[in-house]
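The same chain A turns up in both complexes below, where it pairs with chain B and then with chain C.
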Partner chain A sequence: MARARRLERKPMFAVVVTAVFFAWLYLPILAVALFSLNDKKSLSTFSGFSLRWYDDLVHNDALIDSLLASLKIATVATVGSLVLGTMLALGLERVRSRRGRVIGAVTLLPLVTPEIVTGVAALLLFTGVGLKLSMTTVILAEITFSIAYVTVIVRGRLAGVSLEVEEAARDLGCTPFQALRLVILPTLVPALVGAGLLVFALVFDDFVLAFFTTGVDPQPLPVRVYSSIRFGVSPAINAIGTLMLIGSALLIVAALVLPRLFGRGTSSLDLITGGQK
Partner chain B sequence: MAVLDRRGAKPAPRSAQRTWLWGALLALPTAWMVAFFVFSMAIVVLLSFGRTTNDGFPAFATSTANYRALWNDVYLELFWRSLLYALATVAISVLIAYPVAYAVALHGGRYKNALIAAIVVPFFASYLIRMYAWKALLSDDGLVNSGLRGSGLSDGVTFLNTPWAVIGGLVYGFVVFMILPIYASLERLDVSLIEAGKDLYHGPVRTFFSVTLPATRAGLYGGVLLVFLPALGDFVSAQLLGGASTFMMGNLVQQQFTEGQNWPLGSALTVAMMAALTVLMVAYLRATSTQAQEP
Partner chain C sequence: MSTAPMSTTAATTPSVSLRSLTKTFGGSIVVDALDLDIASGEFFSLLGPSGCGKTTTLRMIAGFSDPTSGTVLVGGEDVTSTPPHRRDVNTVFQSYALFEHLDVRGNVGFGLRRRGLDKATLNRRVSDMLELVELGDRGKERPSRLSGGQRQRVALARALINEPKVLLLDEPLAALDLKLRRAMQAELKAIQREVGITFLFVTHDQDEALSMSDRVAIMNEGVIEQCGTPEDVYEHPTSVFAAGFIGTSNLMSGTWSSGCVAISPTVSIPAPGHQGSAEGDSVSVAVRPEKIWLSDLTPAMFRLPGTIVATSYHGATTQHLVSITPDLTLTVLEQNLPRMRADDRWIPGDRVEMGWLPEHTVVLR
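This part shows the complex of A and B:
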């Protein structure tokens, strides 16, 4: 902040672009939310306030099934990727061999692979080994995709845990496993909370992977929403869309803020912006 | 396993760095990634040389027919279009993202974190719903058109099914991946460099192009990569905001695996897409590593 003050003149061009950008970013979303509360079917004239589209949602059994399916998928995938991603992060952080670097690079690949490629590959794998497409296959694909996020966030936190703390624990008579459980894992809690919330939101909202790996019934929520969007725009979609936006916005805000409340240390925000060091 | 064998005979080394536990922890996630990622990618490559049996099932083979099938005018036009859309998306994203990142990083003051969070939050919320938001806004009876009609400016403009609607959707979907790396490199920038630049070159524009921009090149390259990758493979934007005339590679892939049911051809398309992206990634790695060697 001190440095920023030294740049005296604000570049008007950049400030104007930023203001327009924020309007452009939020207006479409706010319009969706506004018209979900409209009492008529119109998407351009707001005639009155009503919750009728939300009432329709509550009575739409297929949609509720999809919502429950997506919640289940996101929960299991979050737990699974937290376990695997943390193991991977711990292993990679301490195994500094060439093999470790290769494994590290491979596990980051899903982050730079377009989702459609991951989705197609998962579809081929599952049908190839004779797994029937279902919620299970969606969960398996989502875990594979999410491990990298967990690993990146946990490694960011691990980098701040000094080796000496761990060696001290060993000197005091801890077995390696005790050192891990009693000394290292507790310091990782903020990172795990942040990563868990982030992954939950990403998986819950994920459309592409779910689209390629889901069975017929129950369809994950984004897949069901997609098929209705293809037929056109409707206030009911506005309502479910608004709820999805609010839900994931809350999760992401929590993922950004909660780890900070645990005191100093890396939050997901620092990691996303690369500002952790 | 090898870790256990190699270390098992010796007494456990005291250094935490050499504990067998760390190696053992790697085993399960590594096996998972090999089974579900590496192996699945290998199947895509294998099936791209496969064929469709007479009763319509995909089967492995050693034919290059699928790749030869890609080389026809219809597909080539589609590849070219995808490339153009993705490049346009990258270019527009740079033009938006650099000023935004600059304003927030260097002039955000104490609101810096709040502003970045305000940018990140909607981008991590449902991509699908954000595409839908654009569709609702731009549709013939949407808010923009009714505003145009109401103000008497125009009888309405068809936005949907145009290339610009699709590109706009892609920018709206992925511009955050440009903002964040540029923001990160601007954050690390030593502001006294800009001041020195102003003393040397006079004028903010020359300073920007001779000091700020080169110093944040790594972030810019990273952003280009991170926007180009998903934009080239996207099919949602073209599906929801465009039509058959704006279809991209992603739509073609998706068709082969759903309506078209030609999985071997779809696999060949996927491999072709990955090959194009790998070239780009290698170029990125080379560009950033040569930069690191410069003083």
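This part shows the complex of A and C:
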């Protein structure tokens, strides 16, 4: 049979499970968005629409500082891990020996190491070498943690690029470095965009590593939110959560739309989700 | 575009010369002291089974692989230690290796842009080249939107536009389906005649090598078994490997004795014109299946009785297996000519008399 068999009746069980799954996943998030518009401080009763918590947020310097700090950490960590992770991926593609496979496997360890272990280890390292905890230490820890993601995604793309492509570039007059700059990197752009978005999203709201490696001021946003919850949840937290949600949604839309606008066959998101060849 | 005909350039230094070129990988010899001269403007094929060293040879000429010893000369100049980007050589890769982030024009103009050609000249030459490969209207397409045959032509144009001293083609037609491959063979040959650039073509497909090349070198286990015109290597194979690799041959081994090869106590095949074997030497003989006739035998032919044991129909031809002795069966290829009667066919069990002209008996070393 050429086509997949279609079910003649919708199985009620599957429909119910799917509905419950999505409700479980998204209703709490919707609640956050809704209560960010509440005109009372209550987190249980919605009494009317108001933007007072957004106004509150704009005047909450500590929260804004944390937001900016997190944006900066995520940006620097994304750029740093993209550079290092891509170099690692290119190198590993070249070493196709057994040793190369072992190194490749070791680079994946951060993906499976419990983050709390990485966090404690980073803390011990930084204090051990006498580095004062600050935004720099957070960035260093986050880059270390993110390289593996970049390497995995870039290697996935590289595997689909024949070694002959680089040879073709050299055959047509490129030095090895020019071949990298003019042919290999442009070919990797979708993977780089995908990896960049993923790392940015992961680092931006990373709590564990940030918690262990951050200095006093300004604290990364997740750490700040966590600390402020001890004094009761302010709906301003809901407001900032909603803004972050909108920001992430826009990033995803950008990742979907931008590559298509430039006429590329594959969008970077396809690379992450494994869809569409 | 250089359109100098072959005759005026043939007298100059060879396009490519290999001098005892050797490559070993971890102790095993892949290319063994190869000596080869390819004339300017020649369509030269390296033909051999996979693993025979033909691709490694090509990669050493392109500069992607360093020879263990020996020299590579391109246009008389020693380029053995020149990096690929400074060699006057271009390659058409088996996988095409097109740059997916550039459109067709970007791909074709890549080499010229590297050389810093001014924009107007570059645009004109890219347009000319796209006309040559009949892709004039696809310049703005991405390679991923092209068919296999079109991608192949982009790869060809991208290499040819640089007017290299020699164009290396690494099984460029292997990925195409049979019909397209036939069409591209003819087209490739026509383009080569038009531009007059030396082509070094690597293939494992004997039809391809025979139909396109000025000369063919048959390679096996790192050495050239035989080198000559297609007709030469097909009609007069000099080794058992060459006879078996190009086309099919009826191979028989026997003993050289007074101008004949005795393949069994009762059967002795005359081989006039063969020299270099002494009385009693062990030799092999080959006869092409299509040289053997089952009817219309002439007095000049060497004749051999046999029994048809199997026939199979192949469209233009019919193949018969004819047994002579219990352990000697020859393959005979009969043209399916327009027939007078439908029942005029051989069937298994028929006693037949085969015949072939003595000059079609080839004695191998």
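Couple of notes before you dig in:
Throughout what follows, the second predicted complex is superposed on the first by the 237 of 277 C-alpha atoms of A that agree within 3 Å, B and C clash if a C-alpha of one lies under 4 Å from a C-alpha of the other, contacts with A are read in each partner's own complex, and residues count from 1 in each chain.
By definition in this document, contacts are C-beta pairs under 8 Å (C-beta built on N, C-alpha and C of every residue); 3 or more make two chains touch, one makes a residue touch a chain.
Since the model is a prediction, treat every value here as computed from it, not as a measurement.
By the touch criterion stated above, A:Glu115 is placed in contact with chain B alone, chain C being left untouched. Once the two complexes are laid over each other on the shared chain, residue contacts for A:Lys10 go to chain B alone; chain C is not touched.
Contacts of A:Leu125 after superposition on the shared chain: chain B is touched, whereas chain C is not. In the superposition on chain A, A:Leu68 makes contact with neither chain B nor chain C.
In the superposed three-chain model, the partner touching more residues of chain A is B, compared with the other of chain B and chain C. Once the two complexes are overlaid on the shared chain, A:Glu167 sits against chain B and chain C alike. When the shared chain is aligned, no partner comes close enough to touch A:Leu51: not chain B, not chain C.
By the document's definition of touching, neither partner reaches A:Ala23: not chain B, not chain C. Of the two partner chains placed by superposition, only chain B is touched by A:Val208; chain C is not. Touch criterion met: A:Pro186 reaches chain C, while chain B stays clear of it.
Across the two superposed structures, the residue set of chain A contacted by chain B and also by chain C is 167, 170. Interface residues of chain A facing chain C in the complex, by the touch rule stated above, are 162, 164-165, 167-175, 178, 183, 186-187, 189, 263, 265. Residues of chain B that touch chain A in their complex: 12, 14-17, 19-26, 28-30, 32-34, 36-41, 43-44, 47, 96, 99-100, 102-104, 106-110, 112-113, 116-122, 124-137, 139, 141-143, 145-147, 172, 180-181, 183-184, 187, 191-192, 194-195, 204, 225-226, 229-230, 232-236, 239-240, 250, 253-254, 257, 263, 266-267, 270, 273-274, 277, 281.
If you check the complex, the residues on chain A that touch chain B are 1, 3-7, 9-11, 13-15, 17-18, 21-22, 24-29, 31-32, 35, 42-45, 84-85, 87-88, 90-96, 100, 103, 106-107, 109-110, 112-118, 120-125, 128, 140-141, 143-144, 147, 163, 166-167, 170, 176-177, 179-180, 198, 201-202, 205, 207-208, 212, 222, 225-226, 229-230, 233, 237-238, 241, 244-245, 248-249, 252-253, 256, 269, 272-275. Per the touch definition, chain C reaches chain A in the complex via residues 62-64, 83-85, 89-91, 93-95, 97-102, 110-111, 114-115, 142, 144, 158-159, 162.
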